[in-house]
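Both of the next two complexes hold chain A, though its partner changes from chain B to chain C.
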Partner chain A sequence: MAGVTLDHVSKRYHTLTADGRPVTGLDDVSLHIADGEAVSVVGPSGCGKSTLLKVIAGLEMPDAGRVLFNDVDVTRWPAQARGVGMVFQDYALYPAREGEDNLSYYFEVRKRTEEEKARRVREVATLMGIGFDLLLERQVDTLSGGEKQRVGIARCIVRDPNVFLMDEPISNLDAKLRERTRIEIKRLIKAFGITTVYVTHDQQEAVFMGDRIAVMRAGRIEQFGAFDDLYFSPANLFVATLIGTPPMSVLPAVRRAETLELAGTSLPLPPDLAAELPAEPLRLGVRPEGWLLDPPGAALTLPIRHVERIYTERAAYAAGDLAGSPVHVLVPLDFPAQAALRIAPDWERSYFFAAEGEAALRVPGPPDLF
Partner chain B sequence: MLFPTVGRKQWQVRLGWYGVQVLLWTGVILHLIPFYLMLVTSIKPASEAMAMPPTLWPKEPTFVAWRLVWQISDVAQSVLSQPLYRYFLNSLIMTFGVIALSIPVTSLAAYASSKLIKGPLARPLFIFFIGTLMMPGIVTLIPSFLLTRNFPFPLPVAPTIPGTDIAFPTLRIWNTYWAVIIPAGFSAGNFLLFKGFFDSIPDSIINAARVDGGSEFNIFRRIVLPMSKPVYAVTIYFTFGGVWDSYLWPLVVIQDSAIAPLTVAIRRITDAFSYAGTTSPMTAMGAASALQPLIEQGLSWNGLMVLGLLQALPVFIFFIIAREYLMQGVRIQGLK
Partner chain C sequence: MAVTAPVAPPPVPTAEPAAAAPTAAAQPAVRRWQVWAFVLPAILFQFFWGWYPMLVAIFLSLTNAPIRGQVTFVGFNNYARLLADPLVAMSFRVTFVYAGLGILLTFGIPILIAILLMEMPPRLIRVMMLLWFVPLSGIASTIFWQYMYNEQFGILQFIATEVLGLPPRAFLSNERWVIFWLIFPGILMFGPGLYYMTSLQSIPRSYFEAAEIEGASFWRKIWTISLPRMRPIISMSLIFAIIGSMQEFAFPDLMTRGGPNGASRTVVMYMFDILNDGRYGDATALSVMLFAVIMVLVLVYRRLVTDDPDA
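Up next is the complex of A and B:
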C-alpha cells in the first residue's frame, strides 16, 4: 500500500483531436493522496482525468514533474514495476483466455508458484462473493458486461496492489447493475483500505466513491477537497456548477447600495453582505435548496415551465427561466400545479461570482452543524 | 441474412431470392468447370485428351498420365534434370522459408506500428511501409534482380575498394533459395492486414497486461497472439498461395534447374510439349525426340493436366486445413 503524490506533473500529447487542437494532457498537476484514501477524479470528458490515471499507473510518462509512491520517486518506473491494479471502462479482459486465466496472467509473468496463484484466486473468489467461481470457468466473451467487470475487478485485486486505479469502471453498465457494482466496489475499497483513485465523469458517483474529490478541467485540477468543500466553498464557477444536481442557477445581478438588482427586481441585502460585495455587475449563484419560497417582502416571480418530481428522493423541482437563465427550485413533493412561484434567494446560502471570469467573490462555506 | 425466411412469402422477395441463388450457383459452376476438365482430362488416354470436341467423361479412364509424369526426368533428362518430387521440395522450401521469415517480421512490425510507436514519427513510418505497395512489382523486377547479385550494390560485378583491387564484400544470394526468401521477408500487404487487426484491439487490453507486469514481448506472445489466430491464418494462407504459385521472380533469380520451384519446372515441360505437338517440325525436333518415349506410351495434354493439379493441390489442402480460421479472418476484415 502506498500514498500517491503528484508533484507538478505535466504531460503534453503530440496527437491532435479531430478539430485540430492538441489532445489535453496534464498541466502542472499537484496532488497528494494519503495512504488508504479513496479519491475520486471528476470532470467533463477530455479534461485529462484518464491521463492522470495513466501517469500514476506508469502507462504514460510525464514530460515534467515527479510521481511518488510513499516518498519513492517512481516517475521513470514502467507500469510493469509499479504494482498497481487497474480497472478499465471497457473491462479490458484478455479475450483469448478464460476468466481464471485472466486472473493468473499476473502470476505467470512473475513466475510465481501454482499454489500461490491458486490460493490467491480462491481468496479473491471468496471476497467477490457468491457465484464468482462460476464466472472464472467461463470464456470471457460469454460473460455479460457486469460479470466482465467483476472479473476485471478481481483481476485488479488478486495481486494485492499498492494502488487501485479505476477508470470509469461502471459507466458501461446498465442502471441497476451500475448501482450494485458501485456498492460492491465501495465495499471492496473499504474492506482492503487500499489507496484508490477513481475516475468518473459522473459527479454523483464521484461523491459516493471518494473520501475526497478532485475536480479537473483542461488538464488542471480546479479544486481538491471533501464533498462539503466543493459544494459549499467552490473555488470558482466551474466547480460550483459541476457539483450538484440539478445544477446551481447562475443569474446576472448588480449591487446598488443596500440592494441587489436581479432580473428587474430590487432585493434588499443584509448590511454585512452588502458591505462585502463590490458595487458592480456580478453573478449570483443559488442552488435549488437555496431559494426561499413565498418570502415576506420583495420577491422574484418565477414562471414555472415544468415540475419534475423525483419520488425516490421525496423531492420535486420547479423549473423556469429568470433573465434568460434556467432556474431550479426545490419544492415539496405535494407542490400544487401553478403558473408561477414567488421566490427569493436565501442570502446565507447564496454564492457570488465575478461577472467576468469565474472567480468566486463570496461562498457560504460548509455549514456549522454542531 | 440477406433474405429472412419470413419475407419470402412476398413474391418480389422470393424472386430476388431465386435471382441471387441463380447468380451464386452460376458463379460456383463457372469456377468448377476448369477444375472438372483438368481432373477428367488427367485420366483420359493421350488421344482422347487431344480429341475435338472434348469428351465430358473418358471412354476408358486410365491413370497412365499420372504414372508417366513421374517418369519425365528418367526419360527426358534434357527437359527435366531432377525427379519431379525434387521440384516439389524446392517449392516447399521456398514457401515455408518465406512464411517463417516474413510472418514474424511483418506481424511484429505491424504490432509495433499499431501499439508501440507513439509520437510524431508514427505516421511517416506507416506511410513509408504502405508506400512500397504503390510500386508495381514488375517495375522493380530488374533492379531487384541486380540487387540479388551483389547486395547492396545493384551491379552484376562487385566494385573494388578504391585504391586496391579487392572487391567489396557483398551478399550474393542470386541463384540460391535465399534469393526468393529474403526479398519476401516483409510484405506491405500483410502489414496492412496485420495493422488493421491490431488497431482493432483496444489499447486498454495492452495497458491491463502492462499493469499486470507483462513485458512488451510477453504481452504480444501471451495476450495478443492467441487473439490473432484468424489474421495469421489469412496472411499465412495468402503468403503460401503467393509464393507457391510465384513464377516470374524465381525464373529470374534461379538459374540452376536443380533448385527451381515446381512452377518453373512445369512451365519447362509445358513448353516441350507445346513444341512437340503444335509448332513447326524444325523447332519441335529436339524436345519431341526427348519426350518421344513418353508420348508413345500415351502422354499428351493429360500429363499437363496432372501437373496443373499437382501445382494446385497444396494450396487447396492448406485452405481445407485452415478453413475455420480463414472464414473468421474474412469476417473480421471484410476482405474478398
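Up next is the complex of A and C:
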C-alpha cells in the first residue's frame, strides 16, 4: 500500500473533444493522500478529474510536476510498474472471456504459476461474498451491469494493488443497484484499508465514499478537505453551491449600517457580523436548514412554489423564488399547505460572498460538536 | 378515490369491452394487408431477379438450351462434357488459387494495417481513412494498373530495374506469377479496411487502459481485446470475400484476358468464353457447378466458424 502525492502536476492536451472543445488537463495540482485513506474527487464533467486519475495510474504522463508513491518518484514509471488497480465506468472487462479469465489475466500476463493464480482467484471470490463464484463461470457479456462491475472490482483486488483507482464505477447502474454497489465498494475499501481515489460527478456519492473530498473545476483543485470543511467552510462560491442537496440559495444583498437589504426587505444584523462585512453589495448564501421559520421581527416572505417531502430523510423542503433566485427551506414533515412562508436567515449559519467573483467573505465554519 | 364505487354505473364496463372487441379483431386484418403491401415489392424483385433465374438455370443446364427452337432435355450430358474438358478443371484451379491467395494477402493484411493505423494520432487516422477510401472508378484504376504493369514503360518495371537493379520481368505474361500480380493491387487497395477501422474505433479506450495497467504488451492487447471485438465483422467480411473472389471476372479479364495460356482464366471468365461460343447449355451447367462449389465452401465455413454467443 502507498500514500500518493501529486506535486505541482500539470497536464495539457493538444487534442479536441468530439464537439471541438480542448480536452481539460490539469493545472498545477498538488494533493497528498495518506496511506490507507479514501479520497473522493468530485466536479462537473470535463473538470479534469479523470485526467487526475490517469496521471496517478500512469496512463497519462504529466507535462510538469511529480507523482510520488510513498516518497518514491513514479512520475516516469509505466502503468504496469505502479501496482495500481483501476475500476472503470464501462467496466472494461475483457470481451469473449469468462469472469474467471478476467481475474486471471494479470497472472497470465505476468507469467505467474497456476497455483498462485487459482489461489488468489479463490481468495478474492470468498472476499467478494455470496454468489460471486457463480459469476466467474459466466461469459462476461451475459452479466448484468452490476455483476460486471463486481467482476471489475474483483479483477482489481485480485492482484493486491497499492492504490485503488475508481472512475465513476457506479454511474452506469440503475438507482437501486447503484445504492447496493456503493455500499459494497465502501465495505471492500474499509475491509482492505487500501488507499483509494474515487472519482465521481455526484457530490452525495463523493461524501459517502471519501474520508476527504477534493473538489475540482477546470483542471484545478478548488478545495480539499473533510465533508465538514467543504460544507461549513467552503473556499469559494463554487464549492459552496456544489456541496449540499438541495443546493444553497444565493441571494444578492447590500449591507447598510447595521442592516442587510435583501429582496426589498431590511433585516437587522448582529453588531459583530455588521462590523465584519463590507458596506457594499455582496451575496448571501443560506442552506435549506439555515432559515428561521416565522421569526420574530423583520422577515422575508417566500411565495411557495411547491413542497417536496422526503420521508426517508424525515424532512420536507419548501421551494420558491426570492429576488429571482431559487430558495429551498427545510420545513417539518407535517408542514401544512400554505401559499407563503415568513423566513429570515439564521446569521450563525449564513455564508457571505463577494458580489463579483467567487471569494468567500464570511463562512460559519464547522460546528463545535463537543 | 374509491368513494364513487357504489355510484359507478354497471353498463359502462360491459359496454367498453364490447366496443373495443371489433376494433381489436379488425386491426390485425388491416395490419396483415399492410405488411404484404410493404413486403411484396421485395419478394417480387427477389423472385424475378433471384430465385427464378436460378431455377431456370438449373433447368436449362439439363437441356440443350437453344436460342430458338425446340428445347430438348439432355440429362447430365452438359455436365459430362464439362467434366471431360481440361480447361474447366484448369479454370477451377486458377479460381481456387486466385481466391485462396487473394484472401490470404488482401484479407489478413488490412486487419493488421487497420490495427496499426489506429495507434496513430487521431488527426492522422482521419487523413489516412480519407486517402484510403477515396472512391475510385473500377475501370479507371484498372487502366491505371495496366500502365503500372506495362513491361516497357511501366512504373513497376522501372522500380524493378532502375531502383532495385533486378533483371526486367514479365509481370502479366509470366504464367507462374500472373495471379500474384493480379492480386497485388488488392493488397494496396486495403480491402475491407474501413469496416475494421470503424469497429476498432468503437472499442472504448478503457479496455486498453485496463490491460495496460495489468502490464499487457501491445500484441497481447491486440490478441485479447482488438481481435475479439473485431471478430463478428471479420467473420462477416470473410464470407463476402469467399463468395466474391470465387466469382472474380472484371479485373483479370481487363488486365490479361485470361492469359498467358489460360494461366489467369477464372471459372466465370471461361463461362463467358463458352457463352460467346453460343454454348448456353454448357455455360449454365458451369454456372450451376460454380454455385454448388461456393455453396459447399460457405457451408463448410459456417460449420468451422460457429457463431459465438458473445461475439
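Methods note: the second predicted complex is superposed on the first by the 365 of 370 C-alpha atoms of A that agree within 3 Å, B and C clash if a C-alpha of one lies under 4 Å from a C-alpha of the other, contacts with A are read in each partner's own complex, and residues count from 1 in each chain.
Assume contacts are C-beta pairs under 8 Å (C-beta built on N, C-alpha and C of every residue); 3 or more make two chains touch, one makes a residue touch a chain.
This structure is a prediction, so every number in the text was calculated from the model and none was measured.
Novice: Looking at the combined model built on chain A, do chain B and chain C fit side by side or clash?
Specialist: clash
Novice: So in the superposed three-chain picture, is A:105 touching just chain B, just chain C, both, or none of them (first/second/both/neither)?
Specialist: both
Novice: Counting only touches as set out at the top, which of chain B and chain C does A:80 meet: first, second, both, neither?
Specialist: In the superposition, A:80 contacts both chain B and chain C.
Novice: After the superposition on A, what does A:142 contact: first (chain B), second (chain C), both or neither?
Specialist: After superposition on chain A, A:142 lies in contact with chain C alone.
Novice: Under the stated touch criterion, which partner chain does A:202 make contact with: chain B (first), chain C (second), both, or neither?
Specialist: Once the two structures are laid over each other on A, A:202 reaches no partner at all.
Novice: Regarding the shared-chain residue A:57, is it in contact with chain B (first), chain C (second), both, or neither?
Specialist: both
Novice: For A:92 in the superposed arrangement: first (chain B), second (chain C), both or neither?
Specialist: Touch partners of A:92: chain B and chain C.
Novice: Considering only touches as defined above, state whether A:346 meets chain B (first), chain C (second), both or neither.
Specialist: Neither partner.
Novice: Both chain B and chain C contact which residues of chain A?
Specialist: In chain A, residues 15, 54, 57-59, 78-81, 84-86, 88-90, 92, 94-97, 105-106, 109-110, 155, 159, 167 are touched by chain B and also by chain C.
Novice: Please output the residues of chain C touching chain A within their complex, sorted ascending.
Specialist: The contact residues of chain C facing chain A are 122, 204, 206-207, 209-217, 220, 224-225, 228-229, 231, 308-311.
Novice: Can you list the chain B residues touching chain A in their complex?
Specialist: It comes out as residues 118-120, 202, 204-205, 207-215, 218, 222-223, 226-227.
Novice: What does chain A use to touch chain B in their complex?
Specialist: Checking each residue of chain A against chain B gives 14-15, 54, 57-59, 78-82, 84-86, 88-90, 92-97, 105-106, 108-110, 155, 159, 165, 167.
Novice: Could you list, by residue number, the parts of chain A that touch chain C in their complex?
Specialist: Per the stated touch rule, the residues are 15, 54, 57-59, 78-81, 84-86, 88-90, 92, 94-97, 105-106, 109-110, 139-142, 155, 159, 167.
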